[in-house]
Structure formats: structure tokens, C-alpha cells
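First chain A sits with chain B, and in the next complex the same chain sits with chain C.
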Partner chain A sequence: MTTSEKGSVWARMQRVDRRVIYVLLLLSIIIPMLLPQVEFPILPSQQSKDFYTGIENVAEKTPAKIVIVDGFWASGTRGEQQWQTQAIFTHLMKRHLKFAMLSFDTQNKTLMPAIADKLAPQFGYEYGRDYINFGYRPNSVFQQTVKGMVNDIPGTIKKDARAQPIASYPIMNGIKDSKDVGAVIDITPVSSVGVWIGLFQGASQTPLFYAPTAVMAPEGYPYLDSGQISGILTGVKGAGDYEQLLKTKSFGTQATSALSFVYALIILLVIVGNIGYFIERSNTRKVNA
Partner chain B sequence: MHSFFAAIPHHGPEYFGKLIIGLLIVLAILGLLHAAPKQSRRAIIAVFTFLGGLFYFLEFFLPVDPKTNKNFLTGQQEFVAQLSAVIGAYAIGLGVVSLGQYHAKIISRKREGWGNSVVLVIAALIMFTFSILNEYHAKTVLFTDPFQHHTQDIHGVFLVLFEGGLAKLDAATFALIAFFIASASYRAFRIRSVESSLLMIAALIVMLASTTIGTALTNWLPTEGPQANFRIEHISEWLLTRLNSPAQRGIVFGLEVGALATSLRLWLSLERGAYFDAEV
Partner chain C sequence: MNQFSYLFNPITLFGAVCTLAIFSLIFKENRIYRVFEHMFIGLAVGYDVATTWTQVLKPQWWDPMVVDGQWAWIMTVPVGLMFYGIYTKKFAWMSRLLYGIFFGLTATTIFQDFCQGFMPQVVKSYKPLVPPPAVPNDPWASLHAFSFVVNNLLFMIILTCVLIYFFFAFEQKSKFVQITAKTGRLILMGAFGAIFGSTIMTRMALLIDRVYFLLHDWLRWVH
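Moving on, here comes the complex of A and B:
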């Protein structure tokens, strides 16, 4: 096959076989994972720092209040949100904040509590005393549940995931409505933050923290600007940021390095494609002239 | 009525009694609706839709007692929420029946891709069966491993299906998207026009700033003072908060105004077009 049949180098730079891209992508994920010593310094974003400082403020100003952690994520976004959840729970437990988990996804009802149960012994946390699982509610009653909790948390939730009345647990002593909630943390791959802002945060000015997947993060910026969201933890990079701020190391830090390689690969491919496109276009113009 | 919806153990004569009564009531309502003249059916649905919306509208806007932070409708929220959950559950049931009928037709006529329909129906039936069995007979031993003498109960099989099957397939499906995004961004980001160039440059800066390699590129610049503005993470920050944010806000305003108009049309049963002009 001649060069002309294959096309010029510039044309080929624009048409890299997708299988080559897939292999390169796979390698750029696997290699940093297999070599944890390949690690770059992480600079936490301002939004991650705001998230961290916000939780610190809750711990200092309203330590007796409960934090509600809302989980909408499932296996599909586990790669990002498991590590966000782990970093957030670690911070809450480090600062001895009481928290309640609430799931609006059938998979999340087991995924999120498993993380809390795993971390609990490390920080001396006890179920019912320091944390509680409000259980799963169908997505179809999300708005009604959030609205109901504004005025009556025990009346809306009634029983926890272990089918016991939540009011019977020591953690719920003095927790009646949204005024007794120190913060809401929304860990989600969907547009659920608007409901929390409209129905809950707006009613009692409760600090709201947003931990979306990377693709959903831009949606949160207008609310960050208006002060309705106190911090954003963006995808697995956010988890890495948070681990850095907590001075711990886990998968979030490792995945952030892998993510760096993936982004670098995509940027490189885009540059290569554009160099090919630009030079080929210039050559065609010269020939036509 | 509150106690009718109260959480009860999912077993025993009380539960099954209420389940049967509930089903009979719903079937009777559906039967009456079906028997009613077409115009009356529309009117009945419109009245219930209006009342449902009116409840939340009034509960939200009516003044509350400052002592309790409630108005006279607040206490009924739980009942209305449960009612809407029940209607939602019937809608899901209707969807399952419809899906079953659709795929049964494909299988019986052996249309193209009928094998996929067989897999879907079998998978749905297995998952449905083990979900129900897991609720009532989780500890029942299904079989014993002849080699390791290890018993497997229904809960174990359910976990294999749900966490080992569904959850993993879900994760794998999402993970595959990364490959398509990488390939698509390589092909789509071309300097063809001013707009596409701006989009590409903005995307590259935000991507670079999200990487540790990218931030290392401008790490030599000071963190304070005018020169700090040229650090890649600060340029990305500026793009996200000063350009993306106002644009997002504009989009959200437009969406919300549209959502308000659509909600009003649905609430007042004025909506026409797909699904709304069909015979009910």
C-alpha cells in the first residue's frame, strides 16, 4: 500500500483508529493504578476547600446538630462517588459529627451504609448513637420526603433501615425538624440539588454541600455563587482533593493520578488531531491557490 | 386513613389482608373509570390532578403558625405523599405489564433480536422471584455445594444476582462510556471555526486544571499577587465561575420558566399532544 493510498501523515493524525485510542486509554488507567508510587501532588480546588471549611464550621458552630447525607448514586457512578462518600464520612467521623444516611436509589441503600459501617470502628462510631441509616425511599417520593423533613423528621422517616422507630435511637434526641439539621450533603449523579435548595435549604438556611459526578458539577456553580451551596466536591478529583485536605490517602488520591494520565492522553490526542487538521487544511489551500 | 398507610411488617395476615383490600379497591376504581363515559373520565382525572396540585400549592404558600412552623395542611403531607407513592407503584406495575406484552409479542413472532427479549424476560422473572423470596424466606437453604459442603440460601443467591450481576453490569456499562468519550472528544474538537476554537481552548484549560500534571505546569507562578491569575487552576476557576456560571444561570432560568408553564398546563389539564389526546 502506498503513502497516497493510506493518506498523508497529517490526514492519518486526524484518523487514529479508535481501537488504538481504547488501548492507550486502558493503559493510562491501569499503569497508575498498578504503580501507586507514581503520584503527583494534588492541589485542592477552591470548591473542595470550601466544602472542607464548611464542614469544619458546622463542627465548630453546631456540633449537636445532625448532618443528613443524601445518596442518589449507584454502581454506575461508584468509581467516583464511593470515594467521595468515604472521604466525607471520614471527615464527619474525625470531627465527631452525628449523621444520618438517606438513599433514593435501590443500590445505594446497601452501598452507602457499607462505607459508614466499615469506617465506624476506626473512629469509635456506634450505630444509633453516632450515625443512623434512614433507609431507602423511592425516587418518586423524593420531593415529598424532603418537604416532609422540613417540619417533622421522625414523622416523615418513621423507621430506619433496621425497621426500628428512629425516635427510639439516642442520636435522634432533640432532632425534630430542619432547624436541628447542621448540614445536608447531597452525593448525587442526578439533578437533585435543586430540590434540596428549593424545599429544605430555603426553608431553614441549612448549609448545603454538593458532591456530584464530574459531568454534573457545572450545574452547581450558579448556586455556589449565590451562597445556596457551601461547597462542591467534583467527582473523583474532589475525593482526591478531600483526602489531601484530610491528610489521608486512599483510592481517591490514586484515582486522581490515573485521571491525570487520562486527561493528559485526551489533551494530547486533541492536539495531535488539530495539528494534522491545521497543516492539511493549509496544504489544501496552497494547492487550490 | 393514616393508619391504613402506616408501616407494618411485610408478612402476616394483617399485611396480606390490607394488600388484598388495597388491590380490590384499586381494581374497583379502575373498573368504574373504565365504565364511565369518555368525557366523565377526563373530568374525573382532571379533578384529581387539580386537587393533588392544589394541596401542595396551598401547603407551600399558606402562612404557617410561627410556633409550630406548620399550617393546617402540613400534617396531611405524609398521607398525600404515601398516596402518590401508591399511584407511582401502580404506574410502575403498568410499565412492567406493558414491557412484558411488548417482548412477548416479539418472542412469539420471532422478530429480529427476539433472543435479546428472551434474555430480558428470563432475567426479569429470576430477579423478581428472588427479590420476593428474599423478603420472606431469606434463610431458606436452596442447595449444598457437593464438594465444599457449603450451603447456599436464598439471600446468598439474591446477593449474587443483585450485587454480583446487576450492580457489576451497571458499573461496566458506565465505564464503557469513558472509551467513547475519549474517542469522540478526539474527533470532535477541531479548530473549524472561532466558536469551536473557543470551546476547545476552554475545555482543554478546564481539563488541564483538573489534572495534577496540568497544575504542575504553572506551579512555578506565585500563589498570591497579579501573576497568580495566570496559574492554570485560577484560569479554570475564572472560566467556571465567571463564564460557565452566568450561562448556566440563564439556562436554568429558561428551564424553570418552561417547567412552570408546563406544570401549570398539566395541573389545569390543559396539556395537549402526545399522551394527552389519546383515549383514556
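Moving on, here comes the complex of A and C:
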């Protein structure tokens, strides 16, 4: 086959084997991981700063209230949301805020409490005194559970994940209804934040924080603009932002740097691909003319 | 003990094999991928079924009925079975009865949900074009006032353009309306592009996590 039959460099670039792109993609992830000194700077976004400041305000203004952390995520989005959860729990524990975990996914009931249990000894947190696991509720009763908690948290939840009445734990002293909730944090890959806004927040103007996967984040922006949400952590980038704000370093920071490399590669490929397309089209027109 | 024994830690090794088997699809369709895909689906369904029994049905229905003697819970069985009436013409009325009750119960909740969810957004859509009084001793007061007006004006223009694009009550004959609607469509396309960027971010983040698992947890090349 002659060079002219193969086409120009630009024409051949239109037919690059997708596996070559996959290899480039993998390299753009592996290189920053193996060489941590090669990294992009991380600048926390405004919505991540709002999230951080909002939790700080809760710690200062309503330290005795409980924070409800609602988890919908499972192994499918663990790559983003495990790190968001870890960053959020670290902040809550640093500020000595009491919190309760509530899972609406079968896998989440194991994954989310495991992170809290792992971090607890570092901050002297004790189960039942500083944090509690409300356990799992099926997704089908999500609305009913949220609505029930507005007026009666112990009556709605009844028992924790260890099958003990939640009212028997010291953490629940004085915690009756939504007025005793300092904030709600929704860590989720689905559209659950609307239910918290619609059925829970209005009763006591409880601050609401949203930690979605990146793909779901645009859904939260109208709520952020209207003040119904106090802050958003967008996917693993949000986790990286939060680690910066907490002055800690974990996977979120590494992943955000790798993500920047991947984005740079994708942008480069899109530009090269488009230039090739237009040059090739122009060449074809000249030949046909 | 061999210094590379960590590579054969059963749980990590199994995780690594599963990850590589699922990723083998990007090279080409193959049987190993299919086996692991079916295994993953089977595990997920089995886990869900087991959890539904251990975390929901047993503690909230079976134990109160059998252990605590609250036998009235048995009535939930025939009521639940009524849902299956939908599969026969003769007993379809039974399921309709239950659906009717559920619709009624849910409607009020949805109404509250809608009002509290969307009304504040409607209210906040009317943004002022007159800047608030400047903060004392702010050296950038005029710049802040200018950005306030530009931001809000931009918001109002975009909102109007997009609303006009979705206004189908009359034929859009006027040149002005056509241009406005077209601008609205272009803005929407830009927004969809930004949303697609977020989608890529999620997919890449999940890939990064898996690569991290292979390099950190299994191979221990990354610390």
C-alpha cells in the first residue's frame, strides 16, 4: 500500500485504533500516581469552600445538634464517594460534631460505617456517644423515612444497625425531631437531594449539604443558587478540594491531579482530531475540484 | 516468607483478577469478561435479597409477628398479594384498589415536595439589577457593583431566552422571538456540553480508583 492510499497523517489520525487511546489514557493516570512530584495544583472550587464553611458554621452555632449523613452510594460509585465520605467524616470528627449515618442502599450500610469506624480511633470517637449508625432502610421508603424524621426521629428509626433502640444511646439525648438536626449531608449518586429539600429542610430550615458524583452535580446547581443547598462537593474533585481545605492529603488529592492529566489528554485529542477532520475535508474538496 | 507474598493475598488478588477481567472488554469482547460480569450481577442480586430479609423483613415483620406475638402482621400478606391481581382481568380491581390508596397517600407528599423544592427557585429567579449598598471601606466597591449587575443581567437574559425556546403556545413567527429562541437553544447546548464534561469526570474518576487499587492495594507500587 502506498503512502497516498494510506492517506495523509491527518487522515490516519482519524482512524487511530481506540486501544491506542486507552493506553494513552492509562498512562496519563499511572504516571502522576507513580511520580507524585508531577502534579497539577488543586484550587478548591467556590461550592467546595461553601461546603467547608457551612460545616464550620454548624460547629460554631449549633454544636449540640446532630448531623445526619445520608448514604445512597455503593460499590458502583465507590471510586468517587468513598473519598468524599472520608473527607466529610474527617471534618465532622475534627470539629467534634455528633453524627448519625443512614443508608438507603444495601451495600452502603456496610461501606459507609466502615469509614467512620476506621477514622473513629484517630479522633477519640466512640460509637453511641459521638456517632451512631441508624442502619439501612429500603430505597422504596425513602420519602416516608425522611418525612417521619421531621417530627419524630427515634420513633421513625426505632433501632440502630446493632438492633438496639436508638433512644438508649447517649448521643440521642435531647434529639427528638428536625429542630435538633444541625445539618443534613446527602452523599449520593441519585436524585435524592430533592426529597430532603422538599420534605425535611423546610420544617426547620436545616442546612443541607450535597455530595454527588460529578455526573449528578449539575442537578444541584439551581438549588445552590437559590440557597436551598449550602455547598456541593463534586465527585472526587470535591474530595480533593476538601482535603486541601482540611490540610490533609489522601486519594482525593492524587485522583484530582490524575484527573487533570486525563482532561488535558482528552482536550488535546479533541483538538487534534478536529484539526485533522477539517484539513482532511479541505484536502478532499481540493481533489474533487 | 517470600517478599512478594502480598501479591497473593486472596482477597486483594481476587479483586485484582475481577478488575482485570472486567477491563478486558476494552480490548475485545471475550468469555472471561462475560463470566465475571454474570458473577458480579449474581452477587449483587444475592446480596440485595439477603439484605432485604436480614435488615428489613425479619426485624420489622417476621420477628414482631413470630417472636413478639404481634400476629396482626399476618394481614400484610393477603394485602401484599393483592398487588399481583394486576396479572389477571378477574382480580385486577384488587391491585387498582391498592394503587388508588397509594396514589392518594403519595399525592400530598409530592405536592409538598414540589412546592418546597421549586418555589424558592422561582422566587430567586427574579434577580435585582440594582446593586446593594457598598460595604464600607471596600476598595473594589464599584467593580463589585458592576459584576453584580452583569451577573444578574446575564442570568435574566439566559432565563428569558431558554423560557422562550420552550414556549410552544404560539407559532414563533416574529424575527425577535426566533432569534431569542435560537439563542436559548445554543445556551442549552452549551449547558449540555458542560454536563457531559461532568459525566466524563465521573467515568474517569472510577477508572482512576480502579487503577489506584491495582497499583496501591495489589502491586504496592504507589504509597
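As a working rule, the second predicted complex is superposed on the first by the 283 of 289 C-alpha atoms of A that agree within 3 Å, B and C clash if a C-alpha of one lies under 4 Å from a C-alpha of the other, contacts with A are read in each partner's own complex, and residues count from 1 in each chain.
In the analysis below, a residue touches a chain if its C-beta (ideal position, glycine included) is under 8 Å from a C-beta of that chain, and two chains touch if they have at least 3 such contacts.
Keep in mind that this is a model prediction, so the values were computed, not measured.
Asks: Quick one: on chain A, after the overlay, do chain B and chain C clash, or do they fit? Just give me the call.
Replies: Chain B/chain C on chain A - steric clash.
Asks: If we overlay the two complexes on their shared chain A, which of chain B and chain C does A:P63 touch? Say first, second, both or neither.
Replies: neither
Asks: Between chain B and chain C, whom does A:Q254 touch in the aligned arrangement: first, second, both, or neither?
Replies: Touch partner of A:Q254: chain C, not chain B.
Asks: A:F278 contacts which: chain B (first), chain C (second), both, neither?
Replies: A:F278 contacts chain B only, not chain C.
Asks: Determine, under the contact definition given at the top, whether A:P41 touches first (chain B), second (chain C), both, or neither.
Replies: So A:P41 only meets chain B here.
Asks: Does chain B (first) or chain C (second) touch A:Q107, or do both, or does neither?
Replies: both
Asks: Could you tell me if A:G124 is touching chain B, chain C, both of them or neither one (first, second, both, neither)?
Replies: Neither partner.
Asks: Using the superposition on chain A described above, determine whether A:I266 touches chain B (first), chain C (second), both, or neither.
Replies: A:I266 sits against chain B and chain C alike.
Asks: After superposition on the shared chain, which partner residues are touched by A:V236: those of chain B (first), chain C (second), both, or neither?
Replies: The answer is second: A:V236 touches chain C but not chain B.
Asks: When the two structures are overlaid on chain A, which partner does A:V16 contact: first (chain B), second (chain C), both, or neither?
Replies: first
Asks: Looking at the overlay, which bit of chain C runs into chain B, 98-106, 116-124, 134-142 or 170-178?
Replies: 98-106
Asks: Intersection of chain A residues contacting chain B with those contacting chain C?
Replies: In the superposed arrangement, which is not itself an observed complex, chain A uses residues 22, 25, 77-79, 107, 138, 147, 159, 163, 214, 218, 222, 225, 234, 237, 259, 262-263, 266 for both chain B and chain C.
Asks: For the complex, which residues does chain C have touching chain A?
Replies: Residues in contact with chain A: 26-27, 47-48, 51-52, 55-56, 59, 106, 109, 112-117, 120-121, 123-124, 191, 194-195, 198-202, 204-212, 215, 221-222.
Asks: Going by the contact rule at the top, pick out the chain B residues touching chain A in the complex.
Replies: Listed in rising order, the residues of chain B that touch chain A are 7, 9, 56, 68-70, 74, 77-78, 80-81, 84-85, 88-89, 163, 166-168, 170-171, 173-175, 178-179, 182-183, 185-187, 189-191, 200, 204, 207-208, 210-216, 219, 233, 237, 240-241, 244-246, 248-249, 252.
Asks: Spell out the part of chain A that touches chain C in their complex, as residue ranges.
Replies: Contact set of chain A toward chain C: 19, 22, 25-26, 29-30, 33-34, 77-80, 82, 106-107, 109, 135-138, 143, 147, 159, 163, 194-195, 197-199, 201-202, 213-215, 217-218, 222-223, 225-228, 234-237, 251, 254-255, 258-259, 262-263, 266.
Asks: Considering only the defined contacts, which chain A positions touch chain B in the complex?
Replies: For chain A paired with chain B, touching residues are 16, 18, 21-22, 25, 40-43, 45-46, 74-79, 107, 110, 138, 140-141, 144-145, 147-148, 151, 155-156, 158-159, 163, 177, 214, 218-219, 221-222, 224-225, 234, 237, 256-257, 259-267, 269-270, 273-274, 277-278.
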